[in-house]
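Encoded as structure tokens, here's the structure I'll be asking about.
Just so it is clear, A, B, C and D label the chains in written order, and each chain counts residues from 1 on its own.
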Amino acid sequence: MALQSLDIKRRSATTTPSPQVRQTLEVAKLIDVSACIGCKACQAACMEWNDIRDEVGTNVGVYDNPSDLTANQWTVMRFNEVETADGGLEWLIRKDGCMHCEDPGCLKACPAPGAIIQYSNGIVDFHEEHCIGCGYCITGCPFNVPRISKKDGKAYKCTLCSDRVAVGQAPACAKVCPTGAIQFGSKEKMKEYAETRITDLKERGFDNAGLYDPAGVGGTHVMYVLHHADQPGLYNGLPKDPAISPMVSVWKGVTKPLAMAALGAAALGSLFHYVMKGPNEVSKELEDEMEREDERLRAQEKEDVK
Amino acid sequence: MNVSRRGFFKVCAAGMSGSSLVAMGFAPTAALAEVRQFKLAHTTETRNTCPYCSVSCGLLVYSVGDGAKNTKAKVIHIEGDPDHPVNRGTLCPKGAGLLDFISSPARLKYPEVREAGTNEWKRISWDEAYARITRLMKDDRDANFIEKNADGVTVNRWLSTGFLAASASPSEAGYITHKVVRNLGMLAFDNQARV
Amino acid sequence: MIRNPRDIQRYNASERANHWIVGICFILLALSGLAFFHPAFFPLTQLFGSPTWARILHPYIGVVMAFFFLIMALRFARLNFIHKQDIEWLKRVGEMVNGDDHNMPEQGKYNGGQKVLFWGLVIGMLLITVSGVLMWRSWVAVPVGVVRAASVVHAGAAVFMIGLIIMHVYAAIWTRGTIRAMLYGTVTRAWAKQHHRVWYRQITGDKR
Amino acid sequence: MTNTWSDIKNADVVLIMGGNAAEAHPCGFKWVIEAKKLNKAKLVVVDPRFTRSAAVADYYAPIRTGTDIAFLGGVINYLLTNDKIQHEYVKAYTDFTFLVDERFAFENGLYSGYNADKRAYDDRSSWQYQRGEDGYVVTDPTMQDPRCVYQLLKKHYSRYTPDVVSNICGTPEDQFLKVCEYIASTSGTDRVMTIMYALGWTQHSQGSQIIRTGAMVQLLLGNIGVKGGGMNALRGHSNIQGLTDLGLMTNLLPGYMTLPGERETDYGAYIARRAPKPMRPNQMSYWQNYEKFHVSLMKSWYGKAATAENNWCFDWLPKLDKPHDILQVFEDMYNGKLNGYFCQGFNPLAAFPNKSKLNVALAKLKYLVIMDPLATETSEFWKNYGDLNNVDTASIQTTVFRLPTTCFAEESGSLVNSARWLQWHWKGAEPPGEAKPDTEIMGSLHLHLRELYEKEGGTFPDPILNLDWPYKRPHEPSSEELAMEFNGKALVDLVDPADPTKIIRKAGEQLDGFAQLRADGSTACGCWIYAGCWTQAGNQMARRDNADPYGDGQTQKWAWAWPANRRILYNRASADPSGKPWDSRRRLVWWNGKQWGGDDVPDFAPASAPEVGMGPFIMNPEGIARFFARDMMAEGPFPEHYEPTETPIGVNPMNDNPAAVYNPAARIFKGDLPNFGTSAEFPYAATTYRLTEHFHYWTKHVNINAVLQPEQFVEIGEGLAHEKGIANGDRVQVSSKRGYIRAVALVTKRIRALKVNGQTVHQVGIPIHWGFMGQAKAGYIANTLAPFVGDANTQTPESKSFLVNIEKV
């Protein structure tokens, strides 16, 4: 029996492993950018299901609204007008949001035990009750996804609707997607399906169509089918080879044991030094000298009084 | 501070045990993690149809309360009906936002009247609304109804009041509207089909 | 402890207060910082009310510490310029650590080790303050690459400083009669003559 | 829609033109994506803007707004010239062989019979077929006669060469030809194209003719009546199909029956005119049953008061002097001829063109009654909202009543979707405050009026006092009662005409379909095409079996479709004249030697053997589909390109006749003539449209949608932006002859300048969804700009093509 409703694979700021024995289904969401019409139904469903509402903003000269991810907007559509070599136009629309990395930078960076959880099905979830609001998850994320709420100072992002997945349903965005550009299922099935889409796209002249499942973060549980998999940057700067920043790896990797060892050594070294060498005390001669001087001065004072 | 050698040992021991406690007793291994409670668990599910465009997607409307006498149903969530052969559970951004339509602050709650020349709404009862509206209708109909045209042909029409019918109300409402409106002799009668 | 009117004043009240403000801040920052740094120390956040309070307070305490450290550093900077005899002292520090200070060159108010510690802390504070500000999401927004670099620097500087402070504290404990200087402001003449003879002579006029 | 939403997955080519299905109907559009996945279908989008439909298209071509007839005329010419038509289909199932009256002529932009003073074709007698002595239409099966429809059609559209098309539409010639190739690829029996269109075709002064041209392309290709084909009008509102079916329009009665005109004083003549005899031997001409439908309707409305003696209350029906469509009504209101007006779930101030005229018109009313779930702009037309609605409140003497109504979740009933499915829905919550369903409000208004007439008497009270009102709770008729009423029931025991000993339905029982209707007053039916929706077996609209045994998306047991639960109209045309499916992979209904059957309810006489030669278009007296529209269209039998009423080029390149620059029969009121702008003053072609994030003027009240698209904007191309010094995100003023709006400029590569008739035409895109009320940021009503001019047949306002200027503010 487990306490939690989904098996946990990893939790933030925890040095011992979570129970690992049970093997559960690895899930994934596949976003077929070639079928996405940018209708934002996923955004609406996300807001509705998760009980979040962003502010009514302004138009800043693009269709992207809200114009960025926020603590109240866990997914946004990124619209890019790209001119092709033959004078044509492509309107590339990418649904942005948490990629649910197999090797999540946020979880690695998070200092609060249990604030970030990776379930054994691959979902990376934030537990705001444990979140301390430090923002290290933002520092750790290779995709610039988590956002701190101005209301409560906690970090929020897509949960892949862990509450729905836990009861056997698809995430709200995947269920709602009118064109089926968002699919949900086992990661294996998603990859199989992606292959059929890539074949179709290649037949339609997109020679570089491919799957975006970056190895640098151990693969992701949100994947893209891209018409131009060779240029992910066209899709609003999707990183080509994302990985946890080496800075973050150093910070949350080797630094920890080394620093602990160094500080431990310093403390223990001091202790043993004290034990072995004893204190550095004032020499007996000087003490005696000062004692004598004091005696002399006291005697002098008495005479002065008389 | 004059710490004796013995005193120093005491401090060290305390420090050691303290950090051991930190490392073992208070160590954060038991931080609980559970997904959010599935919010539809015991809601009432009602089959409905999206009121927006004419794809007419199937909806599942979830409301709190189980229909017992002492509960008042309140819709808390709407999603696509997976059985529906057209939308198959999907919705568009409008359909996915329907919850906020039902609970929009712009929803009208009471009959109101804006009297001629004034600048505000005044709440009235349904009875008053019906009485005043039908009085205005009857006076206008009685005064302006055309039984025969200039050529003496029976035309039985009422042109001085018009009616613009809905586009999203059920067919049953449309039918009764047509029955009532045409029966009064109205011809200035139209719906949203043209726009 | 027996008070002796002829004890030597080493720090005045203002200096002592300044030191302890910095010291307390440092302890609080080290406790909270370590809690964020390594899961094993996370329960230390409870000392601040809750983990979130620890996160909220940490940077503000840092600002307080940075301010008072700056004042303290300005106060003591001149006394910590490194001279020839300090280098000599540092060359022989091994003997000192080994418990034999007979061959150590005579020292002024601060010995070479203390001076190195001082400048180490100054550099550490500079790094930790600047990097800390860059990481402070509530008030500062900089590109994530800068935040990442700052995070590494902050952690490194913190470990460096905590190491220095362990040495600082141990040295104070190890060298008996030292702690009172920061508690009451005075040291015994014998202590002064033993550890800081040049300074002792300056104060007392004792030529021996 | 001739076909259904899920049937689109059977298409090989999808042409989206005059619509933007991905944005306006995303869940229906899913079946386009399915077609791409399942059939490797190609999606072709032709639109002034590179829309979100274009974003997932295989091919996109730009077009100048309002020039679709030229484009499609060019397609017809391409198909005929390159012999890309389905010969057997057009020969057997269309009027290709029919001979046309010798007097029929087309010259310099006008057909024979035009009256320039009336701006109308008042003599359409030449727009007819040649008739033989037997009364039937004369045909030439060789199609060589120069008066046969095929030859006339060919001649008419031979003028629409690719360079002419490109010159008018601004579509580069190579792109036009590429689109033609995609379309032509479905001329064989093994490939099918569907056309999806919406307001982008209807909201023009020549909208009906644009749609006809599209239908003609489909007929040439043999794409009507088959799976994956059809002309699919994507209707805008959830029940606008239903309300149109139910005849809530100035000239209609339920089931597309029509009101008598004031010259139709004789009941018999009224019926006869609507029940035409077949024009060719052995044709069905189903409207011959008109009287059965009409009498049954009158029995539903007037019960026992409707008798054979009083011609089933024929005199009680109002007689039309002219159509009182929305433009006519607001024109009359503007001229002070209306005292009262009701808006039931409708926001005309935002939805109709030329807002400033509407404001003046509404202020002339004595009383205005609003029934709506939401606070609409119309309900507060009298309130000053600064520049957004600058009115003098105190001078407006209109009494306005605002009655709160329920919304979908708070009521039960049926909605008819674009595919003619009647789907039942159930109440899920109580309405807010004292809101009431429309059924209850209408019922109460009737009862209050009846009471007043009973008490006081008054003008012509007969219909009011005699309206049949059998509802159990008279003030609030239930949806169930009303649905059963429009399905129809037997008033007496109905005897089988073939076997007098057999009773089909006992008195009081629900009818199974319109075939059981009688003209003798023994049946009642409120809407004949809905007969079968609530039978003795219960509510067919509530059926929820989504089984799809043939895997083609027809789901016969899901809800109920009119007519007779038929999912694809004209489905007889899916089989060849011998009754065998054109394409075995695409079989729909076929002749099994004894009768017609298959995966759909045959749109045909079920036992009529193919040898009899009955045509598949059984509602037409010809039995076939018409390229030559006879006298049925206001501006002529063949669609012809006319410029939008406000044209950016000032001339019609198809003629040099000043009377035929724009639609010579368009609905224009004299008083509006000064309100039309010219390209000298307003040089840019503008078009209004919907965005996928919003639904008309409703969702600006919906928080989620307001977040998704918060603020009013207009779209312009980079070329125009550069010319006018407008940067992305700047505020601009867009003005037409009728007013101005201010909004954020969205500068995009998706709208490109077009070369038209030797000049550069820039287009300005104007989304419509904002107004002076709501959760979204307040904005200007976009229809402030649109002209008060209507299509000649449907009177739909020309909101898609007009002229504007744009300036940075």
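The working rule: a contact is a pair of C-beta atoms (placed from the backbone, for glycine too) under 8 Å apart; a residue touches a chain by one contact, two chains touch by 3 or more.
Computed from a predicted structure; not experimentally measured.
Asker: Would you kindly say which chain has the C-alpha centre located farthest from the C-alpha centre of chain A?
Answerer: Ranked by distance of C-alpha centres from chain A, the top chain is D.
Asker: Quick check for you: compute each chain's CA centroid and the global CA centroid, then name the chain with the smallest gap between them.
Answerer: Smallest centre-to-centre distance to the global C-alpha mean: chain B.
Asker: When A-C is set beside B-D, which has more C-beta pairs in contact?
Answerer: Spelling it out, more C-beta pairs touch across B-D than across the other pair.
Asker: Suppose each chain is reduced to the average of its Cα coordinates; what separation in Å results between chain A and chain B?
Answerer: It comes to 36 Å between the two C-alpha centres.
Asker: Using CA atom averages as chain centres, what separation in Å is found between chain C and chain D?
Answerer: 84
Asker: Based only on mean CA positions, could you tell me how far chain B sits from chain D in angstrom?
Answerer: The computed centroid separation for chain B versus chain D comes out at 28 Å.
Asker: Taking each residue of chain A in turn, which ones touch at least two of the other chains?
Answerer: Only 13-14, 39-41, 43-44, 47-48, 53, 113, 130, 178, 180, 274, 278-279 qualify.
Asker: Where in chain D do residues touch two or more of the other chains?
Answerer: 26-27, 30, 692-693, 703-705, 708, 775
Asker: Among all residues of chain C, which ones touch two or more of the remaining chains?
Answerer: 39-40, 42, 173, 176-177
Asker: Can you list the chain A residues touching chain C in their complex?
Answerer: Within the complex, chain A touches chain C at residues 13-15, 111-113, 130-136, 138-139, 144, 148, 153, 245, 247-248, 250-251, 255-256, 259-260, 262-263, 266-267, 270, 273-274, 277-283, 286-287, 289-290, 293-294, 297.
Asker: Given the complex with chain A, which residues does chain C contribute to the contact?
Answerer: 4, 6, 35-40, 42, 45, 51-52, 54-56, 97-99, 101, 135, 137-138, 144-145, 147-149, 151-152, 155-156, 159, 162-163, 166-167, 170, 173-177, 188-191, 193-195
Asker: Can you list the residues on chain B that touch chain D in the complex?
Answerer: Going through chain B, the ones touching chain D are 44, 46-59, 61, 63, 72-75, 78, 80, 83-88, 90-102, 104-119, 121, 126, 129-138, 140-145, 147, 149, 153-195.
Asker: Tell me, which parts of chain B touch chain A in their complex?
Answerer: 5, 8, 12, 28-29, 31-39, 77-80, 82, 87, 89-97, 99-100
Asker: Which of the residues in chain D end up touching chain A in this complex?
Answerer: Residues in contact with chain A: 22-23, 26-27, 29-30, 33-34, 36-37, 40, 50, 52-56, 58, 60, 692-693, 703-713, 728-729, 744-750, 775-777.
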